[in-house]
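In the two assemblies presented below, chain A is common to both, partnered first by chain B and then by chain C.
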Partner chain A sequence: MATKSRATPWLLLAPALILLVVLVLVPYCGALFYAFTDATLTRIIDVNLIGTANFEQLVESRLPPFPTLITTTIVFGVGTAIGTLFLGTTLAMILHTLSSNWRAALLAVLLIPYVMAGVIIGYTWRLIYDPQAGLINTVLGMFGVGGVDWLTERGLSILSLVVANVWAGSGLVLLVISAALSNMPRNIVLAAQVDGAGLGRILRRIVIPNIMPAFLLATLIALIGGLNVFDLIFVMTHGGPIYQTETLALTMYRLTFQQGEVGQGASLTVLLFIFSIALATLYVMGWQREARRWK
Partner chain B sequence: MKARNRALVIVLAMLLVACAGAPTTSTPGASPAAAAPSTAPASAAAAPSTAPASATANAGPITLNVWVRDYTLNQDSPFTSAKRAFEAKHPNVTVNLLGLPNDPLYQKLLLSKSGGDKPDVFQMDTIWLGQMAEEHLATNLDSHYANFSQATDIPDNYLASSKWKGSYYGVWLNSDVRLFDWNKDVFRKAGLDPEKPPATWDEMISMAQTIQSKLSGVSGVCFPAKAEETTADRWYPFLWMGGGDILSTDFSQATFNSAAGVQALQLYVDLVHKYKVTPISVLNQSGDDVENALFAGKCAMDIVGVGTGQADVAIDAQATYAQHYGAAQIPLCAGCQASSGAGGWLLGVNDASPQKDLAFEFIDMATATDNVMAFDVEQQRVPVRKSGLALTDAFKGVAYFDQIAQAAKVAHFAPWIPQYPKLLETIYTAIQIAVQGDVPVKDALDAGVAAANKILKP
Partner chain C sequence: MEMIRLGPVQRIARLLILALGLAYTIVPILWIVSVAIRPPGTIVFPLSIIPTSFSLENFRDVLFSGGTGARSGIGVGPYVNAAVYGISSGILTAIVSAMGGYALARYDVRAGRVLLLVMLGLNFLPSAARLVPLFLLFVHTGLFNTRVGVILAYVAGAVPIGIWLMAGTIRQIPVRLEQAARVDGAGPFTIARRIILPLAMPGVLVVATLAFVDGWNAFSLPLILTQSPDAQPYTVALQKYATGDFGIVWTGLAAGSVLGVLPVLVAFALMHRRLLSSGGLTGAVQG
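Right, the complex of A and B next:
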């Protein structure tokens, strides 16, 4: 009987676990293996183990230089995370002040960008940024500001991509924070108000500590989401000009599918995986610290 | 210890969930469909290319898998008509056509080497030929060419580009050439003669300056400079017209930093920075983007590939098209030779196909002038048969066929070496670096050539 009860949770978890193993773990293990081989698109079975040569080639690459690639990836990932967290959290807090009917309706509207395909978002923002006919330059033109090349000027192009991705990705943060705010006991806030606490103090002492676990989770999702973005950048800039907007995910595609170097592409996947592991570890450390504070 | 294990489990679980929920990384347009596996018995391979229907009649059911570009299966497809004729001739053969976009076709072909579905016949871009031959995807067709009646009908420059290391690996289907296009409406508004395109670089610059001085919001000349293939492809004619080339004749060394290369790239840089008739935003514009800008009247002149410009215009709308847009030979520098670039498609036989003779017979049928002409006319493609080029009456509805035919005579090809996908990157990066304006043209090209030579001789 005891054996049966121990097996029950595993049986219930089995469908989800099998899917995760088949769709996530097995491909990751495959990528890890290929990262140490000379696999190409035409030769993915009979491959030779070549040690860390793929990683060495990656680090020595000049098209683009590896430090530039890492910097661009971090700037895009962190920029996206900061932007989506700020926008998503702010919108969630504003929605929380509305009646439940309005909140539900507006939440549905604000989630639209999150459910749209990245390719469509990319093309839409390309049009918005178009230097000659785009919405932004047209509006700026009304105020006498000359045409800005949003996607070709160094520095500005990565910022423009971050803005587009924040617009696309803030829906998930909004959803997570909204759920956390809904679960927050309302009487604590009311008690604080009775005691004369201002908005700032309520936010700092009650709201933020209450939503902190959800906020940490949203941070992790936003960061990993930012690191993995491919379609939006591919459509908007193709990683250019001169690799200025090329991230690890884009290089992985270029090496694997345009140049056929499966091994080198897989080595980038492994790097992305290591980044993700590091971020997840940081998340758990933060989560445990928060949990200890509430014990 | 327990806490550490729990933490590890939580990290992995969170990572799996986060990664599973991360935005998708699907390739736009990548939707390879499955093809039915070849069911041909090995005995079918013995059928000669000129086999009568009876030769395959007793061989049992045979499936011939043909992988082609998706758009070729629309309109008057040379493949559907060839399929009908082929299946009528060989009642036991089913021709299974699979249409794919460009990148998925390329990737599916390469992946087929490792297993899974394999084509018997496949369409390949001219720049893939060397790679397909080296990877033993395309089979050596020398023995088939020996009895191939169409061989003498193929123009010499095209016939030469069907070869890799002295042997034939593909049969030309059709081609496209690069022309100079201009927007006649913009010319009219600027007070220029809409029927007189620039013949030289100086005229082009002068006209562009006139247009920009008279019309706001219109760029004089545009060219693609995005991080992708068309950037290099549209620049090549300027390199070739000055006597330069991308590689040495034996394909062993990169040579695009020659005096002709510097002159060609300096033109691009000057158009952007000296004459200011091209916007710097071309750094994020592909050939299609530039072409759309021309059609929208945002750009007065540009270089486009035939098959991407006029090809979008139906034959019955060609006359209207010609009222608004013009196409001519690419303007020349002083002392330069007329030049154009050519691309296009060949058909190959898979080295792993158990029915190579049948496959070549299908190619023979599909590429024959009488079978492919309707498609070439509809798509405004360049016929790669002398007999097709001679049928000028068939193309009389195509607005600028005379210009297309003229350009085909002076057309060069991008090198069809296996390393071309990597080489391409060094060329368009050099162009982008120079156009951005921070690095002298010669330095940008030298760096590109150094990177290209590393690819050619690793």
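Right, the complex of A and C next:
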């Protein structure tokens, strides 16, 4: 369309761009700066540059050891990704074998957790796991089985959180895969059936290749999501007991707002940022390879 | 895919998996609702699976009960705050996104394609990584612990997806309609009000709903950006029942949580067809 004034589109874009520059770009740059300073909560103006000391302190920290934090974060993120991808994809495929009325009704129910607040999901699942009021232990008690400390038992607590977070995140995968299935050409499936292909072969040769790009995208979203989950863990375990369920996002909060080490919190922000970008890059590379393969 | 013929075993497997998936989804919600509607006196462990009596007392306590006891409420204020934040964010996000989306859809902005990709990329930025930087900025600028600050933070978070969706919506409106109106002598504001806005309304509503739900649900941002109880939304205020002097007060926590979910469910019920067909729920991910 011919434009009369070159300034008009920029005027229209101005509010959005100003907001994004001031409230997204500037803060991120600020965090990058603070990551190399000795800032604390009580002293964020008059700060000294201290090089990479914050990062070194992070990596060398003993309580909890940095590798433990990384392991917990990976277990939580990858566990969530595997769970949501498996459940979301399976349910999406099943919904697509149903009539559209059933599909719409079931989809609406299955998406309820997806629109709920992370905090509320956290409290909901805390009420499932609670040793006294929890549904699981109440049912176990009816069969004479002793209670399990789902959120405090070492090794078990992080898995309990994964189950809760899979509940929270499966809806998004379900949506993404459903959309991909709806866009799949129907004629190919029909033709394959006429040619006598069974369910397994149709899935392997037609359905899976068709939803592969969406599946990769869902994987990325699930991983970045897992890396950044804060609300749910915060209200369910607060990272405890004894740091057992503390992921990097929680560490960032603890360092900054509870211990007042703004510089270290900022350096962790930078790390989270780098991890997310690395994941996004991997996704773009994987997507391009897939695109070439199926072209 | 609904034309795929399934054998009897496959049909049973399908039914089983669906039943399990539905149970996993619904049971936790039923349980928290069941705790919320029990009269406070009947909370004796172990709880009965099915509540034996019903009352709305817990909801009343959460909203209206004063004092400092275990059953004292958080008041109506935190819910009003969340509503103010969510609705303001919804309206502002819709306006800002509609303007920006129109510019990117209609004008041959040289950097337009790059800008759209940046908007898409912004959705993938780690949300937790925003907390510390925003906190520092707000302390520096005096926006800390202000309502305006919270709302602006929400809007900035929701605008990238909003612009992306609005650009897509406006691109589907034929340019010829605008050109015809211009020939008939309509000015830019008449065109915006009489042609673009009515046709783009479904998209605008989707963007506004998404921003509202995000704002209503938000926890970590108001947790670090507000300090006084007057400015806190219910998500932050509910912590009183979880970490207060009385240990966990399940009746209050359950009732308060149910109150927090209801508006979102209403918004979702009203909008879910539009949200689904616009791809709004998955955001830009299908783009």
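Things to note:
FYI, the second predicted complex is superposed on the first by the 266 of 295 C-alpha atoms of A that agree within 3 Å, B and C clash if a C-alpha of one lies under 4 Å from a C-alpha of the other, contacts with A are read in each partner's own complex, and residues count from 1 in each chain.
To be clear about the criterion, contacts are C-beta pairs under 8 Å (C-beta built on N, C-alpha and C of every residue); 3 or more make two chains touch, one makes a residue touch a chain.
This one's a predicted model, so the numbers in the text were calculated from it and none came from an experiment.
Looking at the superposition, the partner that touches the larger set of chain A residues, chain B or chain C, turns out to be C. When the shared chain is aligned, chain B comes close enough to touch A:Q258, but chain C does not.
In the superposed model, A:G169 lies in contact with chain B only, and not with chain C. Contacts of A:V235 after superposition on the shared chain: both chain B and chain C are touched.
In the superposition on chain A, contact of A:P9 is made with chain C only, not with chain B. In the superposed pair of complexes, A:L23 makes contact with chain B and with chain C alike.
In the overlay built on the shared chain, the residue A:Q57 is in contact with neither chain B nor chain C. In the superposition on chain A, contact of A:T68 is made with neither chain B nor chain C.
Legend: residue contacts after superposition of the two complexes on their common chain; A:G118 is shown touching both chain B and chain C.
When the two complexes are laid over each other on chain A, chain A has residues 20, 23-24, 44, 117-119, 132-133, 172, 217, 220-221, 224, 228-231, 234-235, 249, 253, 257, 276, 280 in contact with both chain B and chain C.
The touching residues of chain A, counted against chain C in their complex, run 1, 3, 8-10, 12-13, 15-17, 19-20, 22-24, 26-28, 30-31, 34, 44, 87, 90-91, 93-94, 96-100, 106-120, 123-128, 130, 132-133, 135, 137-139, 141-142, 167, 172, 175-176, 179, 181, 184, 186, 189-190, 193, 199, 202, 207, 214, 217, 220-221, 224, 227-231, 234-235, 249, 252-253, 256-257, 262, 265-266, 269, 272-273, 275-276, 280.
Those residues of chain A whose C-beta lies close enough to touch chain B in the complex are 20, 23-25, 40-45, 62-63, 117-119, 131-133, 149, 151-154, 157, 168-169, 172, 217, 220-221, 224-225, 228-232, 234-235, 237-243, 249, 253-254, 257-260, 276-277, 280-281, 283-285, 287-288.
On the side of chain B, the complex with chain A involves touching residues 7, 10-12, 14-16, 18-28, 103, 107, 110-111, 113-115, 135, 137, 217, 219, 225-228, 279-281, 283-284, 286, 293, 296, 298, 421-422, 425-426, 429, 432-433, 436, 451. On the side of chain C, the complex with chain A involves touching residues 1-7, 10, 14, 17-18, 21-22, 24-29, 31-32, 35, 43, 45-47, 49, 95-97, 99-100, 102-104, 106-109, 112, 115, 121-122, 124-137, 139-140, 152-153, 155-156, 159-160, 163, 175, 213, 216-220, 224, 235, 238-239, 242, 248, 250, 253-254, 257, 260-261, 264-265, 267-269, 272, 276, 279, 281-282, 285-286.
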